[in-house]
Structure formats: structure tokens, C-alpha cells
């Protein structure tokens, strides 16, 4: 029964927190650009408005299925991601499972966009998959290093280790180099500038989103909430000690996302090949050094 | 549902594909289109497609009085309207043998330079936005707004001033405007380092803009490139110096050049030009209070003004390059023929097509914005 | 031009919200909520159709910041709610505007920006620009002036929001209900071979917006095109202009 | 307006060409009237000898009285800091002339534009496809014989300046009662 409650609550919580994260991202951006920014409920308005469109354009069954895959992938990821008070299926899965699940939404997007027959979308999704290839390499190295350091791949155990030992045992303290590489890879994962190649409005007209309208676009907005939440929570869990309750946990998640959205507004975007070059050079290099240090210790 | 009712059309070979870049595309400046044929990421062929902003200016100007056309000319180039007004006014003055009073000439220079700063700030913003640096766009546009306020106070309009008329300017400067203008200039100079940090010193911008859309000086000369784009190739050609008009000979300013000829060099030239414009404005502000006199020479009744027959070519250095008005009068109360030579007629068509061939899809917007192509000037 | 004489409405028909009274309480509450959200989230299509686009960056950016009332630019027609016709429309642009408009998803709103969209404005005797926007696509509001100030743009957005909130911004339904009239006006300008990839009649049928004016003598011409698209085009099928053709 | 002398350097280069007339105009501009056949040679000469590299514009003027087109080639020399506008007149029928694309590349755009707007054909111009008026079926619009207002009256409808509700007000004695000639139809 608790499990069922968890399964329902976890995506819900993720969605609500995700809305707040989106709001924060937009507000931070507005502040950097010296303006006021959107009202508090703006992310909700956007999503409801998109779902309340009276006409919809579907590009076939694959398009519809792909959107479900996209959202389903993230909802599954939420269930495997332990947060204070809610464990869900985290006992049964582990970090490796999570990394696999987090690839599902992007593949879903690729399937859906493929059936749109818009060249901008196709270019966009090929760029997105390339970018995924770029940031997944350092990310996997970071995760392997963290697992070796903690001696387990179970997220609940990882949280417990950090909780019992206090801040000195947080991943950020025991393996700072890996934590830094993780932060860089996280930034790439969020698809913000300078790694925004697959949205790139001025080049390919928002790429994968070109043909998305109404509820499909709404699903992408929901996905954005989940994406910010998942990435933030995963990083917090691995390196910032999780949290015994939401009061301590949420600020950490927001801080992780804040770093990313604050940095992104002062960069342009790299070209695709430069993203790969940069990602495989710096975060991967740093992560490998971190991994070596962890293995030596 | 019925089948969609378009006809099947011939498709290019499967390894190539074509992309309609515009007119409804955020990477296009204004309402313009480029059809590109691509192989992978690389552009095989680019065909510029204009005419979306065609209003038939040259035709409707022939059916309006000389003085009525003052309202039409600024609308030819939207981001930088003042050089249009000035060139038209000077061509009519040359035809009618009018002598512009000195004070009006100084006021015109002030307007021209403020307009140049506005246009360059807009281009900074647009160019940064093409590579995802939206902060720069927001700052640049809001900075430009301060100058628009100055325009509004002088002329009553933010964008289309209709301020420069044949024979002088429409009205004198309001009191205290020079102080406000120098305050805005100081503000711009104070903010300039921020733009440097954000744009000109950014590694990402260096990475994207350096070597993008490069042309040599020979190419630029043979393609008819003018303005900042030509100066970025190393040739210090500036009509304000080489074919001086108004009171530019009395002003002290440099002509910045770069040698690289790529997108970065073009933006650097524009940045240096803004600094030179500030320098000119400072001189104008210092000088203007001491220049007394009328602001307009006496005109005949403008509603029945028959401009003597003849032809005149007036050119100005707009923020984009050489702007020319070729005006022919047959002695009537309306122009017989007005031909507008906008700098973008070269930059947005042949030059763009040449530079895009062989470039990559990421670079299209960057090249177009760094050329500062202005589609309404092409379409007229 | 062709023999199709344009059809001009005597009086714009007032569209009622479809079967508003017949709905249950729950449905009405949901509609109210949706309208509330629609009014507070407006995505503007990023398409500079004319010179009015120069006043949009100041409206969107730091000084006037329309995001604080929920207006933000969007890139493709599919994502957008508002088509802002920024100024004069040349005939060539009007084609693209209609294509963009039909690709947008309802409810969608059209705002005419500047005098040129109302009566031709400064270009009243120009052969190249369209004089009245609302003949070709239904418009929800206009801003007079050339050039309208950012404050005026803000005001029209706020007015539109009020209209949407009250459920009155239904001009988009007019396009479905009187498609024949709009198509007739478009054909009068572009010639009889004019057709768009979007099947508006099928959409109207699917979503229940078929009215007396949906089908007419102009849509019959369209049916002929659709029939030809199935088979090989016959000899007398109107050829696309030489310049409209794709690249070699 | 100061009337300048014909610059000596221009005189020395162009004096060999027969039937040429040189008139100094406003500023640094010099007007040169040439026979249609001599124009490419003169442009070539100016470019080679005096550095008139930059073609500013080609303007076309329609003169229905004499049934002629006047073509004005405005060139600029970076070395001499001088403008020369070379005028030629060609008969309206057949309205054909030679392209100067091989001397000045920018001519490509201007010739395309003139072909579109006036219907003048330029032999040897690389690209005379339509650019601006791709969906235009009428005559070249810049010809004096094309009446733009008549075309507008025929093609577009004016907005109704006296709608029903205004007539109601007028019937009650309000509004501007303009039944006269000033009232737009």
C-alpha cells in the first residue's frame, strides 16, 4: 500500500517541484537580463493552455506513442529516484538502471520527431542524440567513480552513507573532482547554452519541437519540469548527501539547478562538433582523474 | 479525412536535401528567405529569395509630392531610418539648389550618428542572439531604447522621425536635450565593458564567429561590399571621409578597420564605430550651442513646389554601407524617378549567396546578421 | 485576374461559442479555467511580416518585458497562439502568413499591428501591399498608428487577454465557419490555383465548426485540386509559377 | 551649389571617345553622356585607368515622351574619390541592352531588378529570374504606363469608411455628413 502511494506521489512531487524549478530558471534568466520575469503560476498557465488547445495535429501513431514514451521514461525515472520519505522502487533498482531509464525519453523524442517529416526536426534530433553521446561519456565515468567510492550502486545506501557521516562524507567532499565533472556533465544534460545545439532557434527553429503543437508541446513542457527535477535530485543524491527531510533536500536541488541556469545565460552555443570535443576533453578528462583518485584510495 | 491537397513535387537526390530558411524563421533578419541545398551540414547552394517586404516605394513616390515623400523615405530601412531621410533631402536640395543652414547641418549629423549607434546596438543584439547569447540582445535593445527616447524628444517619434526635410530640419532641438544626450552617451560608455565581457571576449563567440563567412578584400571589392563589412576587410572606405557631406569635414574621427574579414571582424568594426560615433557626438554637443541661425532655408510653397528638372545622386554612409538616392525631376511637383541604392542590395543577395556556399547550417544566421543585411532595403 | 469576384462581408458575423449553453456544469467550469489560463499564457509567433517588427524587441525585452504578463515569443507556427501581423503585408508575404495561420492550433488569435493592416495606411496606392487584413484571415484586434508605440502593443495584448478571459476572442472560429468567404478573397488575389497544405474543411468537420459558410463555390474549386492530387494531374491543371518551383 | 570644373584626369582619359559629353554636377559627381555602344568600353577604361572599381548603382528611367529608357551607371573611384554617372539612352522597343556583369559584378543584382521592374533585357546577365515579384503576372510595375492606383482600385477593396452604425449616427444628425465628392466610396 505504501508502495502504491509512493508510486503515485513521487511523479506528482517531481512535477510540482519541477514547476518551481522551471519558474526559478525563468526568473533567474529574467533577472540576469534585467527584467521582471514571469508571474508565479506562469509554468502552470503554459502547460494548461497547451493541453487546452482545441485542435491538435498528430503526425501518426508513432508521434503519439513517442510522447508517451518520453513522459513515461521520466515518470519511471522518478520512481527509481529516492527522495526524503519516498523510496518507491529504489530498493529494486540502482544507479545503473536509472542511467538507462534516463536515455529513454531522448530516444522517444527521436522516434516521435522522426515521424514529423520536418527537416529541422530531423537535424535537431540528430544533434540531440549526438549531444547525448557527448555528455553521457563523462556522466557514466562520474557515476562509476561514485559507485566505486561508495562501494554500492544502490541509491538508498548511498544516501544513508552520506546521511550518517555528515557533510564530511558527502560526495562533494570525498571526491570533489568527480563532483565537479558531474556538475559539468549535468549542465550538458540539461541542454543549456553552451550545449543548446539541439534547440538552437536561430539555426534549426527549435529542432525537435518544430512540429510539436498543443498537447505534444505541453508534454515537452512537462518533460522539462521532470528533466530539471531528475537531474537536480540525482546530483544531490550522489554528491550533496540527499536530505533527511524536504527542508534540507530542496534547497540543495535548487542550488544545483541554479548554478546551471545562472551560468547558461552568459554563453552562446557551441557547434555540434565543438560540444563533443569539449565534453570529451574537459569533463571526461576531469572525471577520469577523479576516477583514478577514487580507485587509488 | 481527405488527402492533403498539395501536389507531389520533384525531390532532389536523396543524399542532398533542401531547407527553406525563412521567411518565417528566427534566424532570418526581418522578412527574408534563403533556400539552401544541403549535403549533410554543408551548404551546396544558396538562393536568396526576397520581395516579402516589397511595397513599391519607387513607384508610389512618383505619385506623391516632393514634400510628401519625406514621410515615405524613412520607412525604406527600418532599423536605420535617418540616413534615408538625409540622403533624400540632400538629393532634393541638390536639384532645387537649396543651401542648408549650418545649424541644420549640425543637427542632422547629430541625428545620423545617434541613428548609427541605435542600428549597431540592434545588430549586436541580433548577432548575439543567433548564437544563443540572448542576454546580449536584451541589454542591447534596452540600451537602444534610451537613444530612442532622445529621438522621441527631438522629433516626436521613436522609429520614423520624418524630421529631416529638404532645406533643413523640421524644428529646432528642445532645450536641455544635449545634456540628456550626453548622459545617455555616458551611460553607454559605462555599459560598454559589459558588452565586451559578454560578447567580444567570450570564448564561445570567438569559436563561432572567427573564420565564419570570411571574404578577402578583393572579393569584397568585386562584390560591391561597402560600409563596415568592407572596412572589416581592411579597406578604410568611409563616405563621411571620402565623399564628405554635411559638416563631417569639420569633425575629428577615425575610420576603424580590421583585416580578417570574418564575422568577428565585422562585429569588431561596428563596436569601434560606435566609439567613433560617440566621439563625433561629443564634438557636436560641444559645438552645437555656438552655432546659431535658422534651421531651415526658406522653401517655396511645398504643395506647389516644382523642383527644377535634372538629376542628382546623393549618397550617405549608413550603418550598413553606401546608401544612395538617385532622383530625377522633370520640373514637376512630383519626382519623376527615385532610385534607392541600399547597401543591403549587395549584402543580402549576391554576397550572402557567395558566402553561404560551403558554409554550414549553423552559420547561416550568423553570416546574415554579421553582414547586417536589411531586407526592407532590398525589397523597397 | 481570375473571374472569381471577391466576396465582402456586409457585417462581420458574431460567432457564438459552440453549444455553450448545452454544456454541463463541470464542462463549463473547466472551460472557464482553460480560458483563464489561455489569457495568461500567450505565445507570439516570431514572424516579422513588416516594419512593425522593429518595435517588438523593445516590447519583449528588458524595458517593457512582456513576459511578466505571460507573453513570450515562440518560434514555429505550431507552438504559437498569436500571429502578430506587424505592419503592411505584401501579397507575397500574405501567402506565407496564411500558411502559417493555418498551421497554428486553435484557439489562435491574430492582431493587426499598425494602420497598414486596417486600410493600407501609408501604402494605400501601392500595387504590392494588401489593404485589409481581415479579408484574408480573421483578426481579433488592431493597433492604429505608424509606428505604434510599445505601450500600444502592450495595451492591445492586455485587451486581448481580457477578451480571451471572457471567452470572446473567437475570431478563429470564423475562419472555419466562413472558410468559403476567406478562400474566395484569397483566390481573388492569388488566382484560382491557390490552395494550402492544410485541409481546413476536414478540420472543421472533425472539430465540429462547420457552418453555412464553410463550403461554397470556392471550396468546390479546392475539391477539384484535391481530386487531381490523387491522380496524375491533367493537362489543364494550373502549373505553379516558374519561380515557385523547387531548386533544380 | 558649387559648379566644379571637369577634372583634368577624367578629361585626359575620356577625350578619345567620340561623341562624349562631360558635365560636372553636384559635389564630386561628373555626368558623362555616351552612346549606347561605347558604354562598356568606357566603364572598362574608367575601371582600368582610374580605378573606378565600385559600381554604386544602375538606375533606369522611363521616358514615355521619347519612348526611351535612360540607363544611368554610377561608378565610384576609391583612388580619385570621384563619382561618374554614365548616361545612355536605349529605345523602349525592343528594350534590350548589354550586361556589364563581367566588368562589375554588382551589376547582376541591378540588372535583375531593372529587368523585373522595367522589362529591360540585358544580354549576358547571369540571372534574370524574378526576385521580388515572383507571384506577379501584370506588366513591369515601374513603367509609367502602369497606373498603380487603378490596379489597386481593381484588385483590393477599401475599408468601409461609412459603416452601418455610422450611418445611423449620421441619420440622427451626428457624424460628418459627407455625401459630397470627398466621401470615399
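By written order: A, B, C and D. Residues from 1 in each chain.
The rule we apply is simple: a residue touches a chain if its C-beta (ideal position, glycine included) is under 8 Å from a C-beta of that chain, and two chains touch if they have at least 3 such contacts.
Worth saying up front: this structure is predicted, and the values here are computed from it rather than measured.
Here the chain-to-chain distance from chain B to chain D, counted in touching steps, is 1. Touch-path distance (fewest steps) from chain A to chain D is 2. Of the two chain pairs considered here, A-C and B-C, the higher C-beta contact count falls to B-C. Between chain C and chain D, the centres computed from C-alpha atoms are 36 Å apart. Chain B and chain C have centres, each the mean of its CA atoms, that are 31 Å apart.
Our note on geometry: chain A versus chain B, Cα centroid distance of 43 Å, whole angstroms.
Multi-chain contact residues of chain D (touching two or more other chains): 132-134, 141, 146, 148-149.
Looking at chain B, one finds that residues 26, 51, 54, 56, 59-60, 63, 138-139, 142, 379 touch two or more other chains.
For chain A, residues touching at least two other chains, in rising order: 33-35, 201, 205. Contacts between chains form some other arrangement here, matching none of path, ring, star or all-to-all. Per the contact rule defined earlier, chains pair up in contact as A-B, A-C, B-C, B-D, C-D.
For chain A in complex with chain C, the touching residues are 26, 30, 33-39, 41-42, 44-46, 48-49, 52-57, 201, 205-206, 209-214, 217. Partner chain A is touched in their complex by these residues of chain B: 17, 19, 25-27, 41, 128-135, 138-139, 142, 198, 202, 204-205, 207-208, 360-362, 364-365. Interface residues of chain B facing chain C in the complex, by the touch rule stated above, are 1-12, 18, 23-24, 26, 30-31, 35, 37, 45, 47, 51-56, 59-60, 63, 71-72, 75, 78-79, 122, 125, 137-139, 141-142, 144-145, 148, 157-160, 376, 379. Residue ranges of chain D in contact with chain B, taken from their complex: 1, 25-29, 31, 53-57, 59-62, 72, 74, 76, 78, 81, 83, 85, 104-106, 108-110, 113, 117, 131-134, 141-142, 146, 148-149. Interface residues of chain C, counted against chain B in their complex, comprise 45-51, 53-55, 57-58, 61-63, 75-77, 88, 90, 92-93, 96, 100, 122-123, 125-129, 146-147, 149, 195-199, 201-202, 206, 222, 225-226, 228-230, 233, 240, 245-247.
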